[in-house]
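What follows is chain A paired twice: with chain B in the first complex and chain C in the second.
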Partner chain A sequence: MTKTKSKLIAGTRNLNPGDKNLLLAFFSIAVLALALGIVFATMTAAGRTGLFGIESATAYRMLGLHGVTIFFYWLYFVQAGFVLLLAAVYTEGAGEVALRPLAWLGFVTMLAGMVSSESSYFGGTILLYDGNPSLLIDDPSEGRFFYLGYVLLSAGLAMVATCAIATAVRPKFRGVIESWTPISFAAVAWSGLLLVAAVAGANAFLPPLFWTLGLRESVAGYAMSWSVLFHNMHYLPLMATVVLWYVLMENVTGMQSVFGPKFSKIVFAIYMIFVPPTSLYHMFLEPDLAEAVRVVGSLLSLFIAVPTILVFVVIVASLESYARAQGGRGLFGWIKLLPWRNPVMAAVGMAAVNMALGGVFSMVLIQERLAVLLSDTFYVPGYFHFLTVGGISLTFIAALIYVIPSLTGHRCWRPAVLARLPYILTIGLGLFGAGGIAAGYHGVPRRIFELAYHVDDPVEHIDAPFVWGTMMGVIGAGSLLMAAVLAIYVYALLRMLFSQNREIGVDVASLYVVSWSGSAATRERAWVGPLSILAMVAAMYGFTALSFEILQRVPILVGAAGH
Partner chain B sequence: MAEAAKPESRHFTLRPGFAVFVGLFVLTLYFLWAAYGAAPTSLSFLAEESAGPAPVTPMAGMDVQSASVENMAQDGGGAMTPDEFEEITLKFVEDLSLPDGSVQPTREWTEAMEAARGDGAQEEMDAAGPADAEEPIDVYLMAMRFSYEPRVLRLDRNVPYRFRMMSMDVNHGASIRAGFAGHIMRRPAMVLTEMVMTFSERGEFMIYCTVYCGAGHDQMKGKIIVE
Partner chain C sequence: MKRLDTVLLGIVFIVWSALALMYATVPMIQMATAFRVWGFGAMLFLVLAILAAGAKRGSK
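Moving on, here comes the complex of A and B:
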């Protein structure tokens, strides 16, 4: 067992108590949101698969709460904590969070937002997480706490992002440093995108909030505002994930990017350039979107995978290069040298696999012609859970396992158990994703609880295909397996946060790591990264071609008036 | 930060230029799109005639702003208001209902309605729609919480139908399960859209809502019988 020389652990432990309390506040609420989100997800899955009867209105409320809690509050509280932490630890000369009172105000504002959003469901709102205001025509007031929550979240995020930027910028202004490390740079870029998301959030949610308060007559263009916001919301946690991969791999192996810090900064900057203009593909089913816009939207969307692929190649090539310097041989043999018994390594490894799977299927959906086949079907949750659960959430959990004990002084709970969970989670995801994607190809809608569509009238009666129910069973089994694994993770994180017994578990600084610092075999090849991308792109070709072939066999000719 | 090795001493797989090349490799997906006729090029050798998006056309004169509460506040202001659409749809159902309750659209009814309207709107729509030899037969489909009207349509195979659709309250979907896949369509509230569809196989196809519209969303379905 090698003692770690982790900069992340050392830097976190060296933070002052005020900063530690601030970060623990963000991470505690993030874990609470994750726990709630899992409960709501379990209820949703059970209702959808018929495991137990659940009234339709309640089922949709559970689905709405699941989306709101996970997509907004888990992912944004945890990001807020990490962006502040990385800015403070990785900016030379920073040492602490700048403008801490503002960061606390941001925390309180975000928490108020969470309470407001969640309470709106107990007040009877019928909105799902996308907050489509057209659903509120009968009683707009049902949505006021829902939108208020999102507006408060946006405001709180803006404050936190400002603090993170100030933390990184202050040492430069003071002349303590000349340039940022790649991680400081990434934290600033990430904060910049958080600010963009906050502005987009205010733009999207203030009009419906005013409408529900009776302060304006109508809400125009919500679909477009939501799409712009939602797109940023996709890629913020994605960028956060690859930044954390970079940080965590440095910390558990000692490797540095063999491409140099400047290249890493360029790659992180690409997110800023590529993310905002590629939001059109969320609107491909909208009937008023011009054909030219659809085509341009598809073409732009091709670029969205580029920065994530680049970071993946940088990390994998660097790991391979360092492992070869340690004697790693064979095309894949070096992978065995990685510290897989470390729960962080296992989680990041499987997160990369899941992210690749999600990437393959997401690239099918960016083609506007295929929206008519797959959008609004279960294909969408089928693919995005690979990203949000298997890639993004798993990475955040891995980082929390590393960081929370460093903040609390507690130990890491059962690392041997935690190191096995990512594989079980991936099995659950595989079932959920395979079932969901197959269901999508069969036209199963994504937000339906009663799939039988039964009516007694013999003329009106038409059965939903039997296979729909079968696929729901597979999806349900996968959901419950995922929920069980995530519940164990939550339990472990709660132990690390609040346990009274500090002697149970393993000192996080003593988790199994390798120490490869300073020795990269740059004269040797590093093919695994490029070959992985080749395999991924080949899979994209395969599933895109499959989708076109299925589309061509749907017995409806559209616009073929002369036949 | 460890010193990065000088480029000349590195294996080419560790050079930034190669990493960028790998990163951009995903863009080659464009060529597959082009092969299926889904990208601006003439290389569509894998495309069949039926491939392609649903060219949904908002009715002439309508200011379409999808998924907007503003739409619900408007009273039309274009080629057809929601009230007019409801009126003509109910007439469509009343005139063309069969004894079993299903509705069978006919060319005679379409021509009679065009003649009766005589307000120029049809010419505008024709100009916007496909200009093939055989004029499509009109089908009116109204979506509302939580049903369609008419509930059952009886259509002929290989005959083009111009579906005129409107969601009367909130946003809905009017997707059709045909073959073993779905043909997914969104229908924003209070926006009249039209689309010409030809069914090439006989069978019973389910129409179902794929846009969450409230607690009764999963009860919302209809049926198309193609004979």
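Moving on, here comes the complex of A and C:
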């Protein structure tokens, strides 16, 4: 094993006990939310596929809880922890989290939000994670705690983001530094977008909260307010993911971007520049949206992946250059030199593969003419789990594998086991995704649990297509595999949080890495990054054309809602 | 590198301001209240750019 000189591990270990406790609080609740989300997901999958007996109404409620718990609380508690950590560790001269009491207040507010949102399901709410208030026409009071939870989450996030910005800005004002490192700059941009998302959350959820409290007559324009928030919620975890890829690859290989720190900052800034203009496609399902806006929105939506692709190319090209400088040969032979026995490397590697798959299929969905046909089908969960589970959550878990033992001083639980999990997770995702996307093309609805139907027409009898059941079986198998792998990850993270056993696992600083820092890498060839992008673009084109071909042959009556 | 932080944050402010203005003034887009969100974001990045610039002048 090579001893790593990881800045992430060393910087995290050097934080003061107060900051460590704060970060552990965020990461502990994040892991709890992940665990709950897996349980709710398993129940949802059971309802959809008949794996075990569960009523449709209960399964529907589990779907709501799954979406709320994962999309809002797992992803935002873990982001809150990482944005504070990166600002404190990667801003030279910071050393600690600024305004720590405010960060604690943010944590408590977010936790209160989580309790409120989750408890609303036991109070009888029928809302899904998008909180569509039109479902509460009969009894608005059923949504009170649901919306209150989201408003509290937004308020807490605003406090945490303020602390992260203060952490990065303070050394500048003290005259310790003149400019931020690329990661520090990314943390500031990320915090800025978190603050904007918090405002978008208040903009979307305060009106329905007041309505459910009887303080206003109705809620107008919710679809648009939700779309703006939802757009931010797409971008935030994506940005967090690529920032963490950048950090983690530096820590497991010692590489620096061959394009230099200036270019890295520019790429992170491009993320921010592309956020607002690409948001129009969320409005495609609004029936009275002007045709010209639909066309412009479709064109702009093509740019949504540009920043992520740029960071991917920067990282892959840098890794390839460094690996070739170490003797890596062949178009793909250099990849073998990467430290795949390290669970962090394995997770990030498969996260990149899954993100590419999710990216390809997402591009199909955001085409204006396909969005209307596919948005209410199982195509949507089929493709986005590649992004949310296989890309984003896997990356956060990889980063937690490094960070939690560095905070607690405990050992990293069984790295050899953890290094194999990303591949099994990807097999599960492959089953779930392939089954889900195929089910979407066949018209399987995504939010209806009782799929069987029968029409007794005098001329012909109509039943649900037989193939729907087969596809649900494939989706169920993939769901179970994913849930099993994620449950092992949760167990491992809980061990790293709480177990003081010194016999199982290794010191996180002893995980297998390669040390390529200082090696001359600037004149090496690096084709795999650009070639991967070409392959992705070709796949996007191919699947979009295929989707048009398939859907043009299917007689479809459309009655769609936003996603 | 010294001024890059300020310049990049300033560019974000300009783009977000333009978009916020467009959302507020072009009803056809149907995103009028999005003006509040993107407009707040524009102001936030302006403040961050000013902070970065001001801090640079104060640094050793």
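In this text, the second predicted complex is superposed on the first by the 541 of 563 C-alpha atoms of A that agree within 3 Å, B and C clash if a C-alpha of one lies under 4 Å from a C-alpha of the other, contacts with A are read in each partner's own complex, and residues count from 1 in each chain.
Throughout what follows, contacts are C-beta pairs under 8 Å (C-beta built on N, C-alpha and C of every residue); 3 or more make two chains touch, one makes a residue touch a chain.
Note that the coordinates shown come from a computational prediction; the quantities given were computed from them, not determined experimentally.
K.L.:
After the chain A overlay, clash or fit between chain B and chain C?
P.N.:
Chain B and chain C fit side by side in the superposed model.
K.L.:
Is A:Ser321 contacted by the first partner chain B, the second partner chain C, both or neither?
P.N.:
first
K.L.:
Does the superposition put A:Pro261 against chain B (first), chain C (second), both, or neither?
P.N.:
both
K.L.:
First (chain B), second (chain C), both or neither: which does A:Ala464 touch?
P.N.:
first
K.L.:
In the superposed arrangement, which partner chain does A:Asn203 touch: chain B (first), chain C (second), both, or neither?
P.N.:
Only chain C; A:Asn203 stays clear of chain B.
K.L.:
Touch test for A:Gln552: chain B only (first), chain C only (second), both, or neither?
P.N.:
A:Gln552 contacts chain B only, not chain C.
K.L.:
Just checking: does A:Val228 make contact with chain B only, chain C only, both, or neither of them? Give me first, second, both or neither.
P.N.:
After superposition on chain A, A:Val228 lies in contact with chain C alone.
K.L.:
With both complexes overlaid on chain A, does A:Glu178 touch chain B (first), chain C (second), both or neither?
P.N.:
second
K.L.:
Which chain, chain B or chain C, is in touch with more residues of chain A?
P.N.:
Residues of chain A touched, chain B against chain C: more for B.
K.L.:
Which partner does A:Val188 reach: the first (chain B), the second (chain C), both, or neither?
P.N.:
second
K.L.:
If you take every C-alpha pair with one atom in chain B and one in chain C, what is the shortest distance in Å after superposing?
P.N.:
Value for chain B versus chain C, nearest C-alpha atoms: 10 Å.
K.L.:
Could you pull out which residues of chain A sit against chain B in one structure and against chain C in the other?
P.N.:
Dual-contact residues (chain A): 221, 261, 286, 288.
K.L.:
Would you tell me which residues of chain A are touching chain C in their complex?
P.N.:
Listed in rising order, the residues of chain A that touch chain C are 165, 169, 172-173, 175-180, 185, 188-189, 192-193, 195-196, 199-200, 203, 221, 224-225, 228-229, 232, 261-262, 265-266, 269, 272-273, 276-277, 279-280, 283, 286, 288-290, 292-293.
K.L.:
Note which residues of chain C are touching chain A in the complex, please.
P.N.:
These residues of chain C touch chain A: 1-2, 4-5, 8-9, 11-12, 15-16, 19-20, 28-34, 36-38, 40-41, 44-45, 48, 51-52, 54-56, 58-60.
K.L.:
Sort out for me which residues of chain B touch chain A in the complex.
P.N.:
Residue list for chain B touching chain A: 1-2, 4-5, 9-11, 13-16, 18-20, 22-30, 32-33, 36, 38-40, 46-58, 64-73, 100-102, 129-136, 151-152, 158, 160, 162, 169-171, 173, 175-189, 191, 193, 195-201, 203-206, 208-219, 221-223.
K.L.:
Give every residue of chain A touching chain B within the complex, in rising order.
P.N.:
Listed in rising order, the residues of chain A that touch chain B are 56-57, 60, 126, 128, 132-137, 181, 208, 211, 217-223, 226, 256-261, 263, 284-288, 291, 294-295, 298-299, 302-303, 305-307, 309-310, 313-314, 317, 321, 363, 367-377, 441-451, 453, 455, 457, 459-462, 464-465, 517-518, 520, 522-527, 529-530, 533-534, 537, 540-541, 544-545, 548, 550-563.
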